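Here chain A shows up in two complexes: once beside chain B, once beside chain C.
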Partner chain A sequence: MDQNNSLPPYAPGLASPQGAMTPGIPIFSPMMPYGTGLTPQPVQSTNSLSLLEEQQRQQQQQQAAQQATAQQATQGTSGQTPQLFHSQTLTTAPLPGTTPLYPSPMTPMTPITPATPASESSGIVPQLQNIVSTVNLGCKLDLKTIALRARNAEYNPKRFAAVIMRIREPRTTALIFSSGKMVCTGAKSEEQSRLAARKYARVVQKLGFPAKFLDFKIQNMVGSCDVKFPIRLEGLVLTHQQFSSYEPELFPGLIYRMIKPRIVLLIFVSGKVVLTG
Partner chain B sequence: MAYQLYRNTTLGNSLQESLDELIQSQQITPQLALQVLLQFDKAINSALAQRVRNRVNFRGSLNTYRFCDNVWTFVLNDVEFREVTELVKVDKVKIVACDGKSKYGLTVI
Partner chain C sequence: MAARGRCPECGSEALVEDSHYAQQQLVCASCGCVVSEGLLTTTYTEEEQLREVAYSQSTGQKEQLSRCLQRGIRRVQDLCKVLQLPGAFEETSVSYFQRALQHPRFHLLSLEKKELLGGCCVFVTCRQHNWPLTMGTICSLLYAKQELFAGVFLSLQKELGLSVPALSLADLVKTHLNGFRLCQRPADVPAPFVEDKEQLVTRTLQLVELAGETWLVTGRHPLPIVTAAAFLAWQSLRPCPRLSCSLARFCQLADLDLPPPARLRLSELLDVLLRMASQLAWLRVFRLDKKSVVKHVGDLLQHRIFLLRNAFCQEGEEERGEADPGQGPPPAQQKGHPSERSGRRPLLPPCLLKPRKRLRTAAPSAWEAAVTGDEPISDGEIEQYLRSPEEIRAFRRAKAWQ
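Up next, the complex of A and B:
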């Protein structure tokens, strides 16, 4: 069991025959069933990205702690506890209303499991890079006044009919329209996006407008991660034709449009993945 | 009509003060003073565009910026103005910049 823990993260299934999700079948085989393999892990965790990042981190910490205790426990049972815990995390990770893509069928397939599943799910978590949100300030705005009086504002009505304002903390950019609607981009977390939008609303309010904070909604979230192994895009587009579009001459990445959850992934040969949606 | 940007400079302010004194002592009419200022605008704009050749580099950290009515206003902190001959350091500098290349003559106050 220890040998699995010492494996490099990108090849957990290869070493021990019972360690693979589907015993005996290598990871890159196109015959691999849908609900197995490494890539599910980062994708699955995007389900819980919104608002549950901390829960995920706690899970990782618990898994790491579990792994540590598992190593100290007897060899025979050490495989069991991480696996059980892993199936527990499968059910607790998703938000209410979103169903996990890869539910516990994994458990019956690998009855005696080493610590690899736990290390896989704690291996890579996508990092949020950008959040786009909108909010309605609920009143008409005079953009010229805002541009003249606020700091760090640009207003070029000939080019774009909105004031572009920026703040340093959280480092974000806002587009403020005369209707009172505002778009806030650049934040690295949902809470930061909300905080930044509130700061912009406060700036507008201080300029004398009766600004409110109506219908704050996160429109898009972008995350990136690295699976740490090269990906054969051609193989992926063969097996998942209905979801993938890959035109190497046009763009070096494969565009995978996942249906459930509705996410678009840009998958690159290097193993870097960008998730958005 | 050239930019009235340069009226609020040491040179422009001195001119305006002198003109105000002359108006006070009834030696010129306000209309004439206005014409003088307009001529000053034309002269300073063409002089800076045609007769000034030296180059100054400056570097600092940006505190605030603003772009409205095609006018950029920057406030920089801890700026170093560097010319071949000498170096000047300032804590705060405000830069007001109008479009140099545009065809239409704007009067900007």
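Up next, the complex of A and C:
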């Protein structure tokens, strides 16, 4: 552990994706795999997202064990270094007995240019809660037929002009429109969303329509995390006035619209943050 | 009628206003030269009336604006007059309103929302000049639902790119207590209830500040806190006759609204004060409860910085204090002793102290983590979602499909 503190959090040469996969990882600073406060990747990887996806998946088993120790180490330091979000907060160390709530990173989020220097990565990884994606099935659909012949479909044309279909694994909901476009919500990762959308397309295929799987696109991702200390929202709105909107009469949280990357954060006084975009 | 002035040709003063067909001309009566013609008249054409016409009426300025815009501007101006805002606010609000209505987003709003738009512009202007106006006030003036108002306000803020500074609680306290009936002397209020406004406002401000420091204000609606603080301040200024008065009765006498969260805020504030009182040397001998601590609010506020530091520990810090006379019982350990009233508890917002939700950490299963998105999908899995032919027949019979 001592050598971790003596090393700078980012030894530039080390953070190459290939280098990260060598078994030499445990020696280096536990903060290395984490970019800035929110991303589970090194900062420099701005273009090779797919490369990192592979790297992440292969690393997940390796990192699961390391992360348990890494979280405990970084949470000690994150308790003292103020993070992006607050201006005058009381930093509280994490309560003992709470195991790290965020196991191995599920999916990489898009890398961001950090507002704080790279040395202040907090090791907090947001958990994905919801992914919204759309896909084009490529043919016109008869919603009445679908509603009649599928068990998991509901269709109420007076209320909404689409069939609402649900599947159990992955637990998702889809809105299927008569034009052939479909919206899939509720998945917890991009891969699950893609798998779920394929399953819906398969169901529609089996119902007799020539469904294809065109233009699958993730529209929105929602994640949440906890920074583990209370946040003075009124101070934050003073310092980051051009980005934040805090109306206690309307909503107890502060709405922070980050420009780069284009993400909206809902920041609450308890330290819980919801990220969407 | 002879107009004033001299004829430039002959110098005579006999100038007459005459009209040549439809054009007004000023003609000299002696030499007949036309001094001027086509004057913009400021009087009605009926010269006997000699009434002045406002610039806006004679120049057709109003006709350039659509009727909807005119009505909206008039409503904004009325709102400003009702709220007794300075003149500059009115101009700013009207300009915001005009800008907003030009936006395609607001052009096609429903009539109901257009009415709210005027109120939003006034609200934004007040906020920008730090004039404490709450949304509740505007909504009640416009007879609007608050959700609708909130939606229009947020979209206005986004479309026009306005920066709306936060509501200042201190100003809100002052304006909220402006209409405080107990500072005047109405007949139905007993004498011991009447209070001096300056003192009341000062003490309320201090209590609100204390609430702010102890995390009771962040994220919550400001008005219930102000009401609760005003009640406490009023009680503490003359405790003996006023302790028996309840919050509801107080609001009724003072002609203030009693919002439902005010009771909770009051109990939270009292809890904070009790903890502070436990650190004050000369109060420790008393067994204080929520009623009796009111008598000592003055002292508590005076020493609040010291008391706050001692009554609440910061988690993760060893607050083993300096040699203070009021140390008394050793500070409790950081993570424990919730039972003792005099034990230190961390200074956290109430939502963290009493979490109502069980933290559900849905740890993703191993399968979910390993999903690639391109796995083969078995037919059996899909079949389970399809109805069998018998089911379809039964449904067809049972339900008449529209």
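Just so it is clear, the second predicted complex is superposed on the first by the 154 of 277 C-alpha atoms of A that agree within 3 Å, B and C clash if a C-alpha of one lies under 4 Å from a C-alpha of the other, contacts with A are read in each partner's own complex, and residues count from 1 in each chain.
Criterion: a contact is a pair of C-beta atoms (placed from the backbone, for glycine too) under 8 Å apart; a residue touches a chain by one contact, two chains touch by 3 or more.
Just so we're clear, the structure is a prediction, and the values are computed from it rather than from any experiment.
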Looking at the overlay, what does A:198 touch: chain B (first), chain C (second), both, or neither?
-> second
First, second, both or neither for A:183, with chain B first and chain C second = neither
Return the chain, chain B or chain C, that is in touch with more residues of chain A.
-> C
When the two structures are overlaid on chain A, which partner does A:222 contact: first (chain B), second (chain C), both, or neither?
-> neither
Counting only touches as set out at the top, which of chain B and chain C does A:154 meet: first, second, both, neither?
-> first
Between chain B (first) and chain C (second), which, if any, makes contact with A:266: first, second, both or neither?
-> neither
So which positions on chain A get touched by both chain B and chain C?
-> 144, 148, 150-152
Residue ranges of chain A in contact with chain B within the complex = 144, 147-148, 150-156
Residue positions on chain C within touch of chain A in the complex are 134-136, 146, 150, 153-154, 157, 163-167, 212, 215, 217-222, 314-316, 335, 346-349, 351-352, 359, 361, 363-364, 368-375, 377, 381-387, 391-392, 395-396, 401-402
Chain C-facing residues of chain A, complex = 57, 60, 79, 90-93, 95-96, 101, 103-104, 106, 144, 148-152, 157, 165, 167, 169-170, 188-195, 198-199, 202-203, 206-207, 230-234, 237-238, 241-242, 245-250, 252-253, 268-271
In the complex formed with chain A, which residues of chain B make contact?
-> 64-68, 70
